[in-house]
Amino acid sequence: MTLGELAELLGAELSGGDGNQQVLGVSGLDSAAPGHVTYVEDERRLTAAEAGPALAVIAPMGLRAAKKPLLRAANPRLAFARALASFYPPSRMSPGVDPTASVAKDAALGEGVAIGPYAVIGEGAKLGRGTQVHALVAIGRGVEIGADCVIHPHVAIYEGVRVGARVIVHAGSVIGSAGFGYVWDGEQHVWLPHVGVVIVEDEVEIGANTTIDRATTGQTVIGKGTKIDNLVQVAHNSLIGSNCLLAGQVGISGSVKLGDGVVLAGQAGVSDHVEMGEGSVGAAGADIIRDVKPGEIVLGRPARRIKEQMRIDAAAARLPDMVRELRELRKRVEELEKKL
Amino acid sequence: MTLGELAELLGAELSGGDGNQQVLGVSGLDSAAPGHVTYVEDERRLTAAEAGPALAVIAPMGLRAAKKPLLRAANPRLAFARALASFYPPSRMSPGVDPTASVAKDAALGEGVAIGPYAVIGEGAKLGRGTQVHALVAIGRGVEIGADCVIHPHVAIYEGVRVGARVIVHAGSVIGSAGFGYVWDGEQHVWLPHVGVVIVEDEVEIGANTTIDRATTGQTVIGKGTKIDNLVQVAHNSLIGSNCLLAGQVGISGSVKLGDGVVLAGQAGVSDHVEMGEGSVGAAGADIIRDVKPGEIVLGRPARRIKEQMRIDAAAARLPDMVRELRELRKRVEELEKKL
Amino acid sequence: MTLGELAELLGAELSGGDGNQQVLGVSGLDSAAPGHVTYVEDERRLTAAEAGPALAVIAPMGLRAAKKPLLRAANPRLAFARALASFYPPSRMSPGVDPTASVAKDAALGEGVAIGPYAVIGEGAKLGRGTQVHALVAIGRGVEIGADCVIHPHVAIYEGVRVGARVIVHAGSVIGSAGFGYVWDGEQHVWLPHVGVVIVEDEVEIGANTTIDRATTGQTVIGKGTKIDNLVQVAHNSLIGSNCLLAGQVGISGSVKLGDGVVLAGQAGVSDHVEMGEGSVGAAGADIIRDVKPGEIVLGRPARRIKEQMRIDAAAARLPDMVRELRELRKRVEELEKKL
């Protein structure tokens, strides 16, 4: 592909340079090589890119370069994503069922489905057109998976779970395991049967070794377009909205409701029955024990509005001095009182 | 089943309604459908239930209803659990060994054992009567598992681990992996061999993708009736008592001792060698670095007694104001000192 | 093995006792049995060991014992590790490929490689001499693994990952899954393709159910001799130095740099792009959001230098009293002001 063709593909404005030059690869600033197109977000990084070996640079509309051609785009990070996707299309499994896969007789496989070695597909399961099931995956009885999904090795999807189209699940994740709910009968913890399901909507992506529990009754739902990272826990009956982002090691307790577009940074936790409004954000490690309003950003343990928590954190650094100052001040007041 | 039969099964008192009506299902308030029996804990929820489609409502002894029959029980949540269990018995694998399973010749299988496709059972392993081993499970050499256990897909149980009866392990969990202990020899970290075992006692239930490490020497023990959620870490040589509850993403460091009935909420962590007394509780995200007395509830990072920590958290909100007030007060005292 | 032979093997000084006595086992203080050699670090533990059934005690150079022979060593914990290793050598798989394993025709297997039941080895993968791949492992296309590695059940290694020699990966861990990076295009989250790799250097050890993501472009690197515990998350493009220790449930965000010998205790988290200098330490649960200098120890949320944070934590306990004292002091100052 030439630089000019790439610019056209990305809807970017080519500034400087010869549009006929061959693009050999696409890479971030740290790994750019000769012939590569790289990408920057600001002037400082552009200076670094110009000093490097890259052929050309994807950059925001405003920037100018002296030494390298620029591909200026309104959303340069999006242009970078598209350039990567066009240069490095994901490898696909060949359609067909590996002879070693264990597929129930009454499983329904759509056109072009691929199933890898030693995958196990339960009775009555349905796999949509073009879906790829990697090696050693366990799909339970009656599971329904839509079209063009990719299920990586060692994923386990329990009985009755329903997965939409274009969903990606990375290795080792578990969908539909029993919720964690018990009743003490005076002698032991009696399990509250979890007979509900999990619904994973279209375009959801789930990282590695993440766990999503089925509902007690009813549904645990992961909304359309939501992306979940590795080692995340989503407990029974939680309702996750559309286009949410849940980063690594986030924990969602039971019956939580997240509005659309909620973002939770790494290791944040949300307590039982808490609701977070549309577009709200929990910072890394936030312990969210109360409802959060739409658009609000919360931080800390327990989580508070970010401005409040940052003022508290700043003041906390003064705390040891305050203890001393307070003691000293009390003495001075006592002195004054004596004098009067 | 009729309403009257269900009441009898639950030991509940049927109040109002026709005992001959057919019960079509059991579900929580949010997912109740016509013909279903649902359940509430208080008056407010009962009002909601009465406005919904359910046929009847499991409720505490004291409540009264105008529009729906009640099944009044001393422990309504327990009655609900039993109703769910009777309506939706868990699906069982058919007894027998799948022809694709890899079972060592000298493995001992009890009567009625079920082993799924591509499960691997190591040399000398013993599986008790009625135990179900799902697809793609890896059971190591010399592992002993008691009667009526359920081992879900992708569980790995390392060499020599001993599991009691009626134990459930959800998908992807690992029992008996090497403990994390190293000695620096001046040039590198030398692994301290972990040659002990893990003992999982009767009626323990373990969630998905949880990890339990074997002891350096001796035993890591999960006590009878203890329930562990998803993505929990239990390190080497820890001794977990009976009937504990460990919620999602809890982390137990090495050589920790938990008394019977200890409860740890989500993302709580317990440091090396810490002991928590019988019936003590660690709140969500608590960082427990010191011993906890029996019955004590602790909260925070570092964890303190809950009342103390809640007072600190409340005071923390005043901290930025305090910085200002303290400064102002010092000025006023200076003024006073000048005047005198 | 006799006590004298063990002393020689460990380079330890045998003090008291008959060097010809048979050693029957090696174990920690809590699990020592007659005939066993145990180990202590201090006088108090030595007193306990002398009251127990052990035959002899590995101890620091300075200690003296009245009742048991001592094996005195400069680094007694290292001597204990070596004694354990010599008494309990790890079990090895027999060389050879299990007939049920699915090995690509063009995979290259070194001499003495062992591959367990239902393991899946992708096209063009290379396994070094003496490497053991356990049952049900999934090795992707083009993966390269060095000599004498041990890959436990259910590990998934994605396409193109490169693993050095003498590496151990415990059950359920995932190496090379897609990084978590998205760009909002105004309507949906568009995935930033992660086309880089993961490099795992020699002597790295990885616990169970840990996840290591591949780089966007370039490399995620786990440096030589680094040890990683269970349920740890290492995100895309992070560069982990040599001989680091990452304890259970640690979370490393994207593009983090850890110098050599960094130690992170359980549940610590490191934010995007943070750098931690050589030999620095993050305490349990630390939320590390700013760069850390070499050798520095940080604690807390947000993490601060340990001395500062411990002073803050100590002062925090006084916080509720301070609120009251401040109020009282204000009143007294007001009184004084009135009087003047």
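Per-chain residue numbering starts at 1, and chain names A, B and C are given in the order in which the chains are listed.
FYI, a residue touches a chain if its C-beta (ideal position, glycine included) is under 8 Å from a C-beta of that chain, and two chains touch if they have at least 3 such contacts.
As the structure is a prediction and not an experimental result, all values here were calculated from the model.
Undergrad: Shared numbers divided by all numbers used: is that above or below half for subunit B and subunit C, i.e. same or different?
TA: Subunit B vs subunit C: different; shared/all numbers falls short of half.
Undergrad: Superimpose the Cα atoms of subunit A on the matching ones in subunit B and note the rotation angle, 0 to 180, in steps of 5 degrees.
TA: 120
Undergrad: As a quick test, compute the distance in whole Å between the mean CA positions of subunit B and subunit C.
TA: The answer is 25 Å.
Undergrad: Could you list which residues of subunit B touch at least two other chains?
TA: Residues 118, 136, 154, 172, 209, 231, 249, 267, 301, 316, 319, 322, 326, 329, 333, 336, 340.
Undergrad: In the complex formed with subunit C, which residues of subunit A make contact?
TA: 26-28, 30-31, 75, 77-78, 80-82, 84-85, 87-88, 90-91, 98, 100, 116-118, 134-136, 152-154, 168, 170-172, 203, 205, 207-209, 225, 227, 229-231, 243, 245, 247-249, 266-267, 284-285, 300-301, 313, 316-317, 319-320, 322-323, 326, 329-330, 333, 336-337, 340
Undergrad: Where on subunit A is subunit B touching in the complex?
TA: Contacts found on subunit A: 102, 118, 120, 136, 138, 141, 154, 156, 158-159, 172, 174, 177-178, 180, 182-183, 185, 188-193, 195-196, 209-211, 213, 215-219, 231, 233, 235, 237, 249, 251, 253, 267, 269, 271, 287, 289, 301-302, 304, 308, 311-312, 314-316, 318-319, 322, 325-326, 329, 332-333, 336, 339-340.
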